[in-house]
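Below, each structure is written out as structure tokens.
Same chain, two partners: chain A is paired with chain B first, then with chain C.
Right after this comes the complex of A and B.
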């Protein structure tokens, strides 16, 4: 009998050990692995506090933490800040910092680092920061774990700008020494994020290794992330198909190969993870010049363009018709409206011809009313085809369009410094809030020579500027929505820019990797939850 | 006696190279000034928008607000002190950037040179020995096809066939970034990555050398000295190896020396297709981002490379053909 019990206990023990053995790897399975991501083009530096250039942020966001993270519902979540409180008047914002966070060099992260990162870095050297944080007059640090932002007026849009991508928290003891604009650590970032910088072999790869001391216990799951640079689009597709690379986003996946990749057994394609970026494609008209200073001409052009055709045939279905400068990603927050003049109509060509006839631009003997020069946007072959489509579509309403193709430097100068163009194309990111991403397209303040990606059309409207100013300081979302509804209506009626579509970028992910896109920042998030099966 | 003259000759040639390289720098510098747009606007553009104060600050920081001649003066002064300057876009010293990338390019160029010269000379030699037969025709047709096919297309097809379908070689890059091999394993790994780009870049030159070799071999075989050699009682094998081959090699070597510049150009395409981290890609990026300091550094290095290789070719002449005298 005793023997039986002994046996039973042995069997039970064995059973438990086996069960434990079976369960253990299931829990531990998440750990380990290397993810190779394609970053295109190679970032010039890793100084995300100096430049918002896409490739920089895609890598640096894994190294630098922010005060907050954002979930898929656009709600702020704790990160370096455990909690936060915005005073009723919107002029005092208090963050409580997490204790025990250390930078990759072993030094602790305190409120002094946050103060430095906002007042000396974001407000000074960041391209968008001076605008985002313009209302911040002081950052107080009563103790090492409390940060108080003092504002001279409410800035509700600021709450969305505390990600590690937009406002990285830098170690003061390193970056306060020397010239921030030419700092030796620009290419050797030291942050507090889930991955630490190991090596950058120029032209080949950047290697990031797991931060063993990351403040989220047990995370990140991956051992390593390697960013690779492959300039040829077909080779990128081949590397993804073969499983040599596991992830590619933001234009690194060629639109024309997205379908082929999604059919491959290794890869899935998603379009999520752009909710805080929201690029809107546009045909930019130079309203300083005749005949584009004539609103009837602009409307006629807007009617002549078939947005659906553009999306389906040039961007292979990745997009959604736009109604104005604001992306419908702002619909959940109530800031977006589509109750504006619609130019995507079935009889567009007839309407356009009528408008042009009435405006006095009769067709001449050669069938054309006038000529325009279109400068193709030098950001990839889609934009060349877009230019060709514009020439074709406008040809149907008697406007002859010639196409010019130049490189990025020349195009930037022509468009934003010399204003020497008729029409060109572009796409502006809406980013975290219309104040950051939408105002710059049509406000009078944004008409400045040499300021790139600003108001290129030269058009502005007093009422729109007034409404934008009000929406900037208004904390109540419903009221902000009303201001934007009116401003967007005026913009659509005057149509200085023809907003064609909201761009969706295909993101390619190897099926072995899970929980990759879990943030509205997508590729610009820190990947601390990514794991392999 | 010959070696002493050879050394003197090399020294004179190196001295002559100084004004050549100086001319290259000045010419390139002035020509770059003609391109519109500058580094500051491109940097600002990459940032997705920036204030004009920011752009003005960048321009002042990079000295772009100074007159062109002043900028040129500074540059030449720095070059004299072996200081190639700083790439603001990369936040790195240009000499460091170049050293890192030059190795990759030299590896690709070196293996291409060996592969294309070796196989090209062999193919041309065989074709000339088999002249008029079907084997000669096959070699000639293959050479013409290789000569006429664009490099990038060859590269992509090789990736498709040998990487995706057969899984023999990696698609791109210079080493495996999941394993990060070390020691001998790393050498083997890099060699595996080198195969497809080297073949792609070689094909064009291989075809060129094969056709040239075949033609000169046939030409040489008809000359009087061959008849003399035959009359002397040498067999065909001795005639080919000891006499005809050496003479026929001269034009091929000349061609190879001249083609070095072209090889650098061709490597831009191949480096881009195979994501090979060489100097060609760097030049391409530097041009489009108006990173003139970096671009000038690349021009300088390329000029030096071409001068040195042509010197080597001239020395090889002497070794191949003792009748050619140096320094006289």
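Right after this comes the complex of A and C.
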């Protein structure tokens, strides 16, 4: 009997050794490799704490860590913070920092860096930070590994804003010296992330190399990430097809080429990794002007637009009809509702004509009721074609639409400063929480001349503002959901903006690369888990 | 000695050019009859191949390519003609005055002409259209502004050579006014080089208009060939006809105008006569 156990233990030991031998190379195989990602366009800077322009975050998020990460279920996960605790009243948030984390220059990361990054950076220079952290009155640092955020009122939405993309943790000993808005390290970033900044060859590429001292042992797996800039869409597609580039996201993949790419043997296409971005496309109506100040006219326009046509033929299937300013990505948290007035109906044209007739806008001899000017969004050919479609769709209900095409600077000024337009288009990111991404579309507070990507239609409603204020401080998700349900219903009934669709961006990934999109931030995450086969 | 028309119309290249131009002109004039629907109207599924239900297929939004082609002919020709006429009129005025009066006025006008000539013309046109915001008017203005200087120089040269001739001197002695002499005696003699240059200018104008539209600076509410090429460009690998059909139309038209222009030059140029 003893012998049997001896044999068993020998067999077991042998088995374990063999298993280990089998597993070892598998683990070792993960190491190494260079990923070429296409970043479009070239970022103007790498200061993700100064600008939220897309390409900046795609590169900088690999260099700067955040306190937290988020998994695909939108749940916070430890990163620089090993654990955290939100007090019952929602007014004290305590982070316990990981020990032994060092910046790329070899200095340790402590609570002082976090305090600096929130109070002096995020709250001051970040475009969205002052809003996100407006309730934070102080950051206390009782010891080098404890950070306590003091809030004057609960801010439940803040829990989703601690990623390295949204709130990067900067080394205080570097960035506290000199003017943060013009710091020499803006374009030579030093963080604690899995990749170190090495080189920026303007007009060509940015090179990031593996951080050998990263706090996640054995990670990152890749040796290098090269961010390349290729301005011509067809050349980008060709580079991905040939395997010269391995990754492209957020509009770097031309929508009309996504299908071709997905058929290519080198590339897979995914639409995941936008769950914390959630862009919603909108036809913006200037409600300050007649006849768009008339709700019947706005409803008629909403009925006249075929969202399915827009998604299928302009964005080549990448999208989903929207029901309001909020993306259905907030459905799991209970904040989203689609129980609002639906404008995507089969007899839309008839309803629209009826509404306009009843509102007193009769068709004249030339078949038109009135004219509108549509300013095409100067962000690429999809938006030009969207404008051309809008002109045709509204033509069907007797609204003559002329199109104007201006450059980005003039379009921004016309839309958000001068408010000198009839209709235009845009898309707003919903981001981590409606407080950050939805309120700005329709709240009265967001009607500010010169503030871009805010409430451009000029419409507001007292009750909606009240509900938004309540939802901002309410920690209970179910209650927040009720507030939003009412607000979204009012918005849909007044339809100051026609939310056409939730945009889905195709992300192209070379098949050799695994675990690329593992976060709802997608391309804006740190890629420490990416490996090659 | 052969007459002008004999020399002109027996040139086979001219005949080829004229046949195509005649065809395009017919398309342009009768566009509303040949394609009654709005060229921007979405009539069918996008990307229908040519020679199916629609003879030239449909584009990326499901617009009829045939309607685009005939209405585009109208826009492209009209813009090119108006721009050319404006450029020729302005250039002739500047060149005529400069050559006829000479001296200080000549200096000033010619330095101004050279100033415009030294600016790279296409980039200048892009800047002008971008500043004025794209529309038919701004495109015509831009093309005319970049096209008039060569006309002015040609006219000035011709005026200088004609000015000293006896019939002009006679007119001066007879007491005709300056404008009368310039319009009735001098300019008619500059006509032949003007016609040749002007006709070639139409071809350039069509190309400039197409290039502007291709770059997204076309008139957004007017269907033109350049607009069709520009909006079809990104689909070249999947739907070749979006670019090929208007592209071939532009190519043939510009080629035809050049052939006719060369033919005019051969027939009008006295040095080539009876060779």
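What we mean here is this: the second predicted complex is superposed on the first by the 509 of 533 C-alpha atoms of A that agree within 3 Å, B and C clash if a C-alpha of one lies under 4 Å from a C-alpha of the other, contacts with A are read in each partner's own complex, and residues count from 1 in each chain.
Criterion: a contact is a pair of C-beta atoms (placed from the backbone, for glycine too) under 8 Å apart; a residue touches a chain by one contact, two chains touch by 3 or more.
This one's a predicted model, so the numbers in the text were calculated from it and none came from an experiment.
In the superposition on chain A, A:153 makes contact with neither chain B nor chain C. Of the two partner chains placed by superposition, chain B and chain C are both touched by A:234. Of the two partner chains, chain C is the only one touched by A:404; chain B is not.
When chain A is checked against chain B and against chain C, the one touching more of its residues turns out to be B. Contact with chain C, but none with chain B, is seen for A:254 once the two complexes are overlaid on the shared chain.
Of the two partner chains, chain C is the only one touched by A:381; chain B is not. By the touch criterion defined above, A:391 reaches chain C but does not reach chain B. When the two structures are aligned on the shared chain, A:213 is found in touch with neither chain B nor chain C.
When the two structures are aligned on the shared chain, A:77 is found in touch with neither chain B nor chain C.
Of the two partner chains, chain B is the only one that A:182 touches; chain C does not reach it. Overlap of the chain B and chain C contact sets on chain A: residues 234, 407. Within the complex, the chain A residues that touch chain C are 233-234, 254, 256-257, 260, 313-314, 376, 381, 384-385, 387-389, 391-392, 395, 402-407.
Interface residues of chain B, counted against chain A in their complex, comprise 35-38, 41-52, 54-56, 61, 88-92, 97, 100-101, 104, 152, 156, 159-160, 163-164, 167, 170-175, 177-178, 180, 272-275, 277-278, 281-282, 284-285, 288-290.
Residue ranges on chain A touching chain B, taken from their complex, read 34, 36, 41-42, 44-45, 47, 50-54, 127-128, 130, 181-183, 186-187, 201-205, 207, 226, 228-232, 234-235, 238-239, 241-242, 244, 407-410, 412-414, 416-417, 429, 440, 448-454. Residues 38, 40-42, 46, 60-62, 130, 133-134, 216-217, 220-221, 231, 234-238 of chain C are the ones that touch chain A when the two sit in their complex.
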